[in-house]
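Can you keep this structure in mind? I'll have questions shortly.
Just so it is clear, A, B, C and D label the chains in written order, and each chain counts residues from 1 on its own.
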Amino acid sequence: MNGQEDLAEACRNWWRTGIIAMRPGEIRIRGYPIEQLVGRLSFAEMIWLVTRGEVPEAGRVRLLEAALVAAVDHGPQAPSIAIARMGVSCGIGLNHAMASALNVLGDVHGGACEQAMELHARVAAGIAAGRPLEAAAAAAVTDWERDHGRYLPGFGHRFHPVDPRAPRLLELVEAAAREGLVEGGVAAIARAVENLLETRRGRPVPLNIDGAVAVVFAELGFPPPLARGLFCLSRSLGILAHAFEQMQAGERNKGPTPPECFWVYDGPPPRDYVSGTGNAEGGSEGPPAPATKQNEEARR
Amino acid sequence: MNGQEDLAEACRNWWRTGIIAMRPGEIRIRGYPIEQLVGRLSFAEMIWLVTRGEVPEAGRVRLLEAALVAAVDHGPQAPSIAIARMGVSCGIGLNHAMASALNVLGDVHGGACEQAMELHARVAAGIAAGRPLEAAAAAAVTDWERDHGRYLPGFGHRFHPVDPRAPRLLELVEAAAREGLVEGGVAAIARAVENLLETRRGRPVPLNIDGAVAVVFAELGFPPPLARGLFCLSRSLGILAHAFEQMQAGERNKGPTPPECFWVYDGPPPRDYVSGTGNAEGGSEGPPAPATKQNEEARR
Amino acid sequence: MNGQEDLAEACRNWWRTGIIAMRPGEIRIRGYPIEQLVGRLSFAEMIWLVTRGEVPEAGRVRLLEAALVAAVDHGPQAPSIAIARMGVSCGIGLNHAMASALNVLGDVHGGACEQAMELHARVAAGIAAGRPLEAAAAAAVTDWERDHGRYLPGFGHRFHPVDPRAPRLLELVEAAAREGLVEGGVAAIARAVENLLETRRGRPVPLNIDGAVAVVFAELGFPPPLARGLFCLSRSLGILAHAFEQMQAGERNKGPTPPECFWVYDGPPPRDYVSGTGNAEGGSEGPPAPATKQNEEARR
Amino acid sequence: MNGQEDLAEACRNWWRTGIIAMRPGEIRIRGYPIEQLVGRLSFAEMIWLVTRGEVPEAGRVRLLEAALVAAVDHGPQAPSIAIARMGVSCGIGLNHAMASALNVLGDVHGGACEQAMELHARVAAGIAAGRPLEAAAAAAVTDWERDHGRYLPGFGHRFHPVDPRAPRLLELVEAAAREGLVEGGVAAIARAVENLLETRRGRPVPLNIDGAVAVVFAELGFPPPLARGLFCLSRSLGILAHAFEQMQAGERNKGPTPPECFWVYDGPPPRDYVSGTGNAEGGSEGPPAPATKQNEEARR
């Protein structure tokens, strides 16, 4: 009998959340009845309430919206967008296309925002330890380059000389700081790193969308992993829009490039397989054969 | 040479979109420079602009937000939410947890909204063909039950006697109709089907969240597949919030039930495998063995 | 107290399977102790045992392996393979790349095998109803074209005049039929449809990989949805191999086409956004603007 | 004109692989015509050929198969398996269920094998630097515990006192070493770590499935990230089998626990939302409220 009670208790305690409470006919989000939120909260306020626990001040939520609006889309050359479009052409539903696309927002494609927040936090730690801003920025950048190499998350863009989203976001953060809605310290850090990079590298390496969004999220108090999640939420919208547009195009099995644009093959030359071959060194991975004439033909 | 030109042309034309245009330093969404949208559009207005092509009237976007706010979460018993939480406990990032979870918003868990829009559209087609509302609703429901069985998408809930989100959304649609922001015809259809079901089945089978959200999206002119995408976007937020909360709990490899709550095994009884057995009927799929005493033990 | 017992019982009965039984220190698959299977079963025999419940005859498992080997890869132009490679370049792990890729094996890219099995089953139903093979094939094809259009699942290939995998698989099925390992009826159906199409369309529309694999799976008694799953398992291997190869290439954020190969933009011309605009027709989706000179520039 | 040529060339060179070459009517895998592989290679030999470039000796491939067979399934309490089953109940196809499930084989659920290979490699590095096996093992374990804590990847199991798959795999590796098919050095390392742990902790912490599979893959020369991929491939089969079994059960929207087994809510107590509230500290994340009486009710 006790075993029954223990098991029942264990099952009842297995799932636990501070986000939502329910009884038949009643749904409360962070304590509020859902029907009091529907029609009163904007979607962005709901984002804040659900992830942070409270409804924010209007000015702060506007800043969150600015970041969410900025990061929605970067066109079909972005792997996430291309994947959503290819997925739809393979006959899958929008939720599946969104899933395949969101799934690639990994450390390289989606994680730069989270990493930029960590870089900014290193500078902030230096300031907290008593260094002036410029010195703290210089030390943090030097450390980062030593640990991770020359690529600084949140700065520089391979396509845009100046990413038009970044200065706009920074300007909004600075205006919010003047109104007392945020502190503005992280924006100052980002500007200091930008200046430092221009001096050190002899050319501008301006703040990009990842860096600017990182500034907004940090100023608003979002922890870095959650900030990556918000970037995903924002980009979900671009993914959805492209997936839906692709759905209307009616193409089937759309590959990355036109079919006449083949790939380069650089593996072993043509050979015959005789049953039962197999060699003890199976898996030796010598240098790949150079692309041969046969390969040239293969890709046409 | 012509081959080169043709291939270059084919590559340039392979990807095509009406959503976003870019040049170095310039990003335009639906024709607008991104820096003019950032800080001016709410995230919900951006949802509309990106998916539909224009910025909507304020009253219409508020209705969209009501639907997005309503559908965010239904707790860790919902498969999508549980999956996100389990995924995080397996050590995957938030974007991956969101992907695995979004991916299950299939026809049963996420598609009811899209299907409800189709049911409503059948009624609307009857009205357009000259039938009165009640007759059109009766005919559409009868047809639907014949094609798909007794389960009507958008009506009834296995947990809530009345789903508190549905009447609130319907009330907002009706208020918007009085203001001339929407037509109100789909709301009337939903009410007519609700009345019909109560009469036919002798008990209330009220509009649920899927049906109510379907009304909002249809009144606002969103096509059904896109409406499913919007439901996914809304639920993405709940998924993100739960995934982030789970991340802070620090559990590892969280299964669906507590480990002491085993599963029932109803397959073949214990047997020995002797090398090289294998029978010509391999794969005969007879009825599974009944759960035996051995199985009873197995699950403890 | 009774409530406790009921809840404990409900939890214990929630998950149920005939595949695996476990006790501490003991794992049985379909009744067999796992340690008797490890080292004795080939992976293909395990595939059969786990999905069907029994270990097959050696000759039948060899036929299954032929199908699994045939479907592994179709190169980086296949959306699934390209997606895996793009995903890896975005910094995600192999399991995530495999997930995003597998996820697009939808009705168009991966489902043709399942659909081909349904087409073959229609012919078989005709034969079972007493029609000769050719008449049954003709009727099934006519019906299919009426329901689904001219595209017949499992026949024709946009790249290969003859898909080299298909005749090889068919030859193996026919050899197995001569040995009494399979019946051979589905192979005959596939040949009959192939002949019929050549006659009707005046050119060969030969069996392709989806159709050939469908023949193998049907001859071996796999139900169509499971057959799609087996195709996924086979293609998982190609996806894994390409993802791992891409991982070693070290590219970051690899888009579908080279960055200098932009997309065509065919949306609204450049325009300015003035705060608070928004029109009651928001979302009117007129015909997209033709690709303009601006667009020409945009894609460079 | 030159631009055209350059663009065409860039597109042609964008995708590159050493795995597969194709021309119309011809498919070569690692140089071999596919039709020579189909019917001659086992699926496991194909796994080796595709990922490593060569067909292995028969004895080595049998060892690979042993590892693949061992790791297929661990029942519906494993998050990956539960997710696949829940996904299917939400109305998604098998490929989607497989994707959502594979996707959670992250560092905690699927990565232990890869991590165990790294632990073994540290011991091997010690041996290569001239230390005796036991000393190298002791040093590597001490270092690992310092870097990562007490949990050693590949050793110990929360359910099985002895995981029956591990000794069986180790026995097969040792037999293969006696036949000269593998070196056996990694198996010896695993045994040494096992002994060391028993001595240090005063109780057995035996090799588990992750550790045993890691031994096999290392002995066969698979690099660690690829080994994780092979684990995913093996587990894909278990996922597929459970997803297909669930499909036949016909349940809809299957949550993790029975519906009567609710969750614990530990968020803010019930409160009313008044439009326009919102506080400057929005998002303060104080300690969650203790589970209250209201919560007790909420979960029933």
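Keep this in mind: a contact is a pair of C-beta atoms (placed from the backbone, for glycine too) under 8 Å apart; a residue touches a chain by one contact, two chains touch by 3 or more.
If you're wondering where the values come from, they're calculated on a predicted model, not measured in any experiment.
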* To do: Could you run down the chains that neighbour chain C and chain D together?
  => A, B
* To do: Could you tell me which chains are in contact with chain A and with chain B alike?
  => C, D
* Asked: Looking at A-C and B-C, which pair shares more C-beta contacts?
  -> B-C
* **Chain copies touching (chain A, chain D) - same or different residues, decided at half shared** => same
* To do: Return the chain whose centre of C-alpha atoms lies at maximal distance from the corresponding centre of chain B.
  => D
* Structure fact -> Copy-to-copy rotation (chain B on chain D, CA atoms, range 0 to 180, rounded to a multiple of 5 degrees) logged as 180
* **For chain A paired with chain C, centre-to-centre distance based on mean C-alpha positions, whole Å** => 30
* Structure fact -> Between the Cα centroids of chain B and chain C the separation in whole angstrom comes to 24
* **Touching two or more other chains - residue numbers and ranges from chain D** => 7, 11-20, 22, 33, 37, 41, 75-77, 82, 92-93, 96, 99-100, 103, 105-106, 110-111, 159, 256-257, 261-263
* What pattern do the touching chains form: line, ring, star, complete or other? -> complete
* Structure fact -> So, in the complex, the side of chain A touching chain C is made of residues 1, 3-5, 7-9, 11-12, 75-80, 82-83, 86-87, 89-93, 96-97, 99-101, 103-111, 158-159, 252-257, 259, 262-263
* Asked: Quick one: in the complex, what on chain D touches chain A?
  -> 11-23, 28, 30-33, 36-37, 40-41, 45, 48, 52-58, 60-61, 92, 96, 99-100, 103, 181, 220-222, 256-257, 261-273, 275-285, 288-289, 294-295, 297-300
* Touch list for chain B against partner chain A, complex -> 6-7, 10-11, 13-20, 22, 24-27, 29, 33-35, 37-39, 41-44, 46-47, 50-51, 62, 65-66, 68-70, 72-77, 82, 85, 93-96, 98-100, 102-103, 105-106, 110-111, 159-165, 167-169, 172, 225-226, 228-230, 232-234, 236-238, 240-245, 247, 249, 257-258, 260-261
